[in-house]
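As written, the chains take the letters A, B, C, D, E and F, and residue 1 is the first residue of each chain.
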């Protein structure tokens, strides 16, 4: 209760040996006592592949439980990767916030925990905080390069991009953006995180790791196209790191920028949303590109949502209805706009 | 209690006069007593536009509450249609299962009623059955042509098409397919309904109406593109009926067919679904076009979902996770396949 | 399944003998199998007092589970009535929709049944329908006079009145209004029920009984004053019927009328409601007597609710927030208005 | 809607061919449209084993979803039975109310349906009624002998017995009791069903089948002992029917009787229950064999529950807390008592 | 994580400029990520009116979400106050715990936060703690005088009074009671808070502000009378502060006192509550002024609730049913009692 | 918030005087403000018996709310213990986590608090933490010997044993095991707690108390046998402590040991569990003693659960279905195994 939590061991135990050669499929077991199982556990699937000399990549999906490109690419990788193909080590956790993933929710149904706001975590905290703590203290120290998959989830939809953050250590930043380029998504993003507290990103970057994240679609689904981007991207990254042989298969990528908080458009009204532009289409400052109809009456004028800057529609609210305060749109700029 | 319900009046009262000229915006008020409002009501928005001579079109959206192209097109039409532009009458109910629409659910949160399985309804039934009964006995008799918008909703995604049923009365069937052609969606469908019990379609067709329905996308959202198809389609239909002046703006449409129950693929397993083909792409009989990964273990082979016939992927399960028994895919044939 | 339900016996069994002399306290036991009790029951408290010669009064409270004047008066009567004071029989069911009463809800938490819309009931129906059926077929035949207590419940508030219906049998109607007068609430009401289907009232009246009902306040509470009205009223009624000795203690009562459906005012908007008049205060046709403020914005004009006729405010929506479609007010007329 | 439901086909389709030789494992697929799967289904596992000449046995478990001896015995039988060992046909449905079984509830989470009160069912009814209808119209006609496993479920606990009903057709009754004897549970019961409406038992018996049911324990679990009774019993029954070779392995069984409704003891109080006798122990008329402590106060006298007849404790309320109206105990008599 | 939260900025951003002249209506936007909106926000309406020289009043309603006199008075003030009438500044937040207000609950449905026990709050805490922190660090420093409206909410009912606390700084205390007198409710209260931890009151008083609070009724509603008291009170307070011109309209007020914890009466039993006295009526020490009937049986003696001191009934439990441990009554003393 | 919580007083007040002679029945009242009772409380029943000279025993049940042997023994003791029989003091709290006990859940429905992981508690924490804090700071200091009853609850079942921990202070350890022996359950256990953080046990042991705990069955029920063990055990313990006269009634007990974490078997799969051994039966290392059948398919091989060591089955998962990660079994060793 009063001891420094950092001194307490994690309650999570792994059924795999991260130092053993070959392929192991197992679980991270997190004890979770509850009304319907006094001595129950959360069982997070994990795969470790270790062979030869080389760096360690930590690959994680379903940090948010309703984002699917990462889990698809990683469940696929976990069953198809051959140990002999690896130089170094690959740690695969396809569904990091496993309770959220099983519930098809952004956050954990156990504690409403948003894993990506729970870092660095606590060994004596909630289930979500315990997962974050295990990543921070047990998995991250093993890794040289980290890929954490994201998409928009049920309520947002994104142009598919890989991304890294601008960092104080420019050499680290360069390594991160080189990894983003190697991922080779159709779009790539330079991010300045305004509120980085609690993120896996921040924790990994502060630990000096090469960290790559993505937004590869959304809506609570994955398409053949978006899953394909994820699968190619992770293979590219492993090649880039030298863990897999060969060179990344590079495709065309366009670089995006979010220059200010004006990029984010919030809805002041609830209602039925009609977008007049789709993802990737250009919008001009002042242009009405979405309307919000009041739900209970016909014949009323809809609220008109206008662009605060020139750019293209990089992300949008996904569900057909919108609540007051929801993020309705993200407008990004490109080299073409700049 | 035991009297023939058909003799009982509907409890729904309209605040608009369907026989008055001009534009009226109002509500269908359905008394709904409940714990949090002893004398409460459901208030379904309705617009009536009447002017000059001509037929009556009944336009309905949100028969299922999580399908948005119809409500967008109809809220838009209700506020933009000018009475003088009309020859005849247009009755617009943009959110027919209004409780479901407000809840963003397929079915009504009040009674779990699937409106499109509740026809012809009952005046002394559940809230959903009362809505169906009002449509059957009060709105349908006023109409010559009926357009009922559908999309895939939260859990399915469709190629955008308008559709009609094969009917015993071939003259009626011809009128219906002519209306489908006038709607001019990118795809058009000839449907044989295997289980037509309880549908609005069946009730309207048995009443001799020209009935057009659609599937215009899905996933619980609408895009600029899909909403545009809906808006253009309803305008085309009103032009086709002579209610609006001018000729339909016809674009290219491809006709689809679902020749047998083999078109529908169900999942025998629960898991994470990876589609290998996207909507509109061709699939060959026997081809694996989706995989289902078990959720709790890495390293296991996914279930492989194969096509039962040659065709193209016309609809798919939308959420990233699938349950055993869910419809995973619909394969349609085209003239090209035939 | 298909047999006439009227021929099936009620599943309810009484632990009291309605034909035995003296006072008995017991239960009506209604078997109710469910997940948390495979062989469970609903236990509805009942008291029977029988002594000497005279008519039978059936006294019921909590027909709606969140109305408290009736249960207070009847639990009090059940414990204080002495058999020797009775000439005839008194059957007391203080909490008729017992599951609703325990849940402090208008309707039953078991089946959402509104008991006063479930008559005459079914022996093979829902729990609420089984209660109604037992009343109809087992209790009503024993009774000469019926008093069914109501108040506004959680969501409505009423001026305190006793009431009866205008009936086709004018002799019966006269007996009913004589009983209302004997009850001697501060207000008395002549009612024309527009939609009488499913009501206990209708079932009792069609069986030729003297039937009195009340509205004695509301808001999901009772005051010392309103409970006092109920206690005095039921004693008066028993005196009037000759079951208790003595004459009713008559106070002043004012007679109210609801001349048309204009009496009922519904809210077209949701919001925060401000009444400008309290119960019993006069309103003039066209007068704004309530405002509804939108919830999400300051600075907007509230919706203004106007009186459709001259009268006084006889009932109002109780909670601070109102939903579109809620009954906001009932305006009654008095002899003074007439 | 209005047509005789008996003329409508069942919506359930089987993936197995009941007329094919050999072993087939498959599903009964019941379409179930809902908010989280527009075109979803319930998938009820089924096994058919057919070989040679002989009668057909229909074996069902989890008629109530929280009773486990039946499912254990039948999942085990389905995977271990060899076709060559069979003379005739065995149809195994280990989890008949599959939604309830998955939810570990007595009734279906979909519609709260108690399957054993839903017979003969309806093809256009609730999910539970559709299952009952399929059994009645599709499975029962195939069967000569029916074994439907029951236990006490989460809220009751029983002495382990097999049972049959006294029937008007004494030859059929004799066949049923002979089958009970062959099952050879530690206890055997002769039952007179007071309220047989809606039961699978009644439907099967009216169709002239040999019908055996059981109560083999309870509490929402199975023990090695109780599962063993079930496994041995079903094998014995198949031997008795001639479907498996060999003679039943008979153990000692004691016959029980429930002579009147006095056997059933209901609790008038809610509280913490303390049994003073365990299952199988004798109780004497008037003996206090259970106490119920009020929950909110110490120092109060508990309610004392007394035996209404001499006998032994054959069943009891299982959870530690009891509600008013719950069945607390069943006392049976034996030949020794008689 | 470990940094002093006081150093972290609030995540709340205001769309109004508190330093600009004139009237502004806007929102306090609080980012709130959740399953149904990954990048959603809570939007708390706010109005600022600034003009000329003078002090700043901070006016807040719905600190508890089910108390309505404050929101009515403040939504009304926000739309009717003219900038020119103001000398100084008025900051109006009619629904401070906006999520609770929308849910019509005392506490926030998001985090169950009781705002008035969440002060001074945390910028990295729950949604409710973030609101408290914003008030503490951003709004309070702007204010000279603070009026925080309360009523009894759904479960309590109060005599209408304004109140202030006895404070260690007697000059501050005097200013507070002068403001209470200016508010001029029918009753006024001197309060000694026994457990002041977490209250807005305490935070504002420790910051040296003139702080006035109220209890103006309850039951989850407002009457024309109680709303009128609130509207007149806030105008009086602004006049008293010199922000509005003119003198307060003073009516008669009676001063109340709660001399000890004996004032508070708790129920040891659950049941149906009958009050024998109404608010404002005198009670004598030892007098039974409420009864609690057991819910499940007729014929039992009710629990009798007695007054622990002479006084008048100042507050009472509102709902018709009471739980063990609920506060049943508050008895206050007046100068007449003293 | 800012003060050291240890310096804040507990919000709990006792209606009994722990220093008064004689028997008192009362409550620990814990204020609990919530939506349905603004000024409500949790009322935890407590009994104190004090007489003559001697030590103080603190006896607690329902630390977990679904474990019944303790509450039965303690409600019984509280009503039957005569003050004159006592030398010293007995403090009885039969339902320590009273909200959990009322809900029949392991944890509190208020805050999901697992009381036995909430020690030493906080006076400003959740309801569960407040209870723990009150025990730690108010009750424990009064006690010399503590008996905290446990059983398996709804989801586990145990051989009936009393237990104590190996402790650093061997004299204290000896006193504890002497008390365990005096309790004289059929089985006795020496425990090494691997993760003792937050337990009542640890808090009491660190305070130097003689601490005895139990596991006396499970499944969410109690039998006549298991309740009898509890009643005899608590009487024995009071005799052993000299609080009651006489010597403990000792029966045979067998001592168990859990030598390593191999004792605990977890399920890697979800499914239907079939145990092949019952509690108390021997198992051999490598033996399959449970099977887990997949739920959705017949004909698949079950998962086979094997013993990791020789021993006997001391505890098992209780419900018929198991989730991945649940503790399936505990194997203990005995002197016979050693």
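The rule is simple: a contact is a pair of C-beta atoms (placed from the backbone, for glycine too) under 8 Å apart; a residue touches a chain by one contact, two chains touch by 3 or more.
Heads up on the chains, UniProt names are A, B, C, D, E, F = N-alpha-acetyl diaminobutyric acid deacetylase DoeB.
Bear in mind the structure is a predicted one, so any value in this text is a computation, not a measurement.
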| item | value |
| --- | --- |
| From chain F, the most remote chain by mean C-alpha position | B |
| Chain C against chain B, contact positions shared by both copies (same if over half, else different) | different |
| Distance between chain centroids, defined by C-alpha means - chain D, chain E (Å) | 58 |
| Cα-centroid distance, chain A relative to chain F, in whole angstrom | 43 |
| Whole-Å separation of chain centres (CA-atom averages), chain B against chain E | 49 |
| Junction residues of chain B, two or more chains touched | 43, 66, 296, 319, 324 |
| Touching residues (chain side chain F, partner chain A) in the complex | 64, 66, 105-107, 112, 114, 117, 120, 152-156, 195, 197-198, 264, 266, 268, 319, 323-327 |
| In the complex, chain C residues that touch chain E | 23, 25, 43, 45-47, 66-68, 71-72, 75-76, 78-79, 92, 94-95, 101-102, 104, 157, 219-225, 227, 272, 274-278, 281, 293, 295-302, 318-321 |
| Residue ranges of chain B in contact with chain C within the complex | 1, 8, 11, 27, 29, 32-43, 124 |
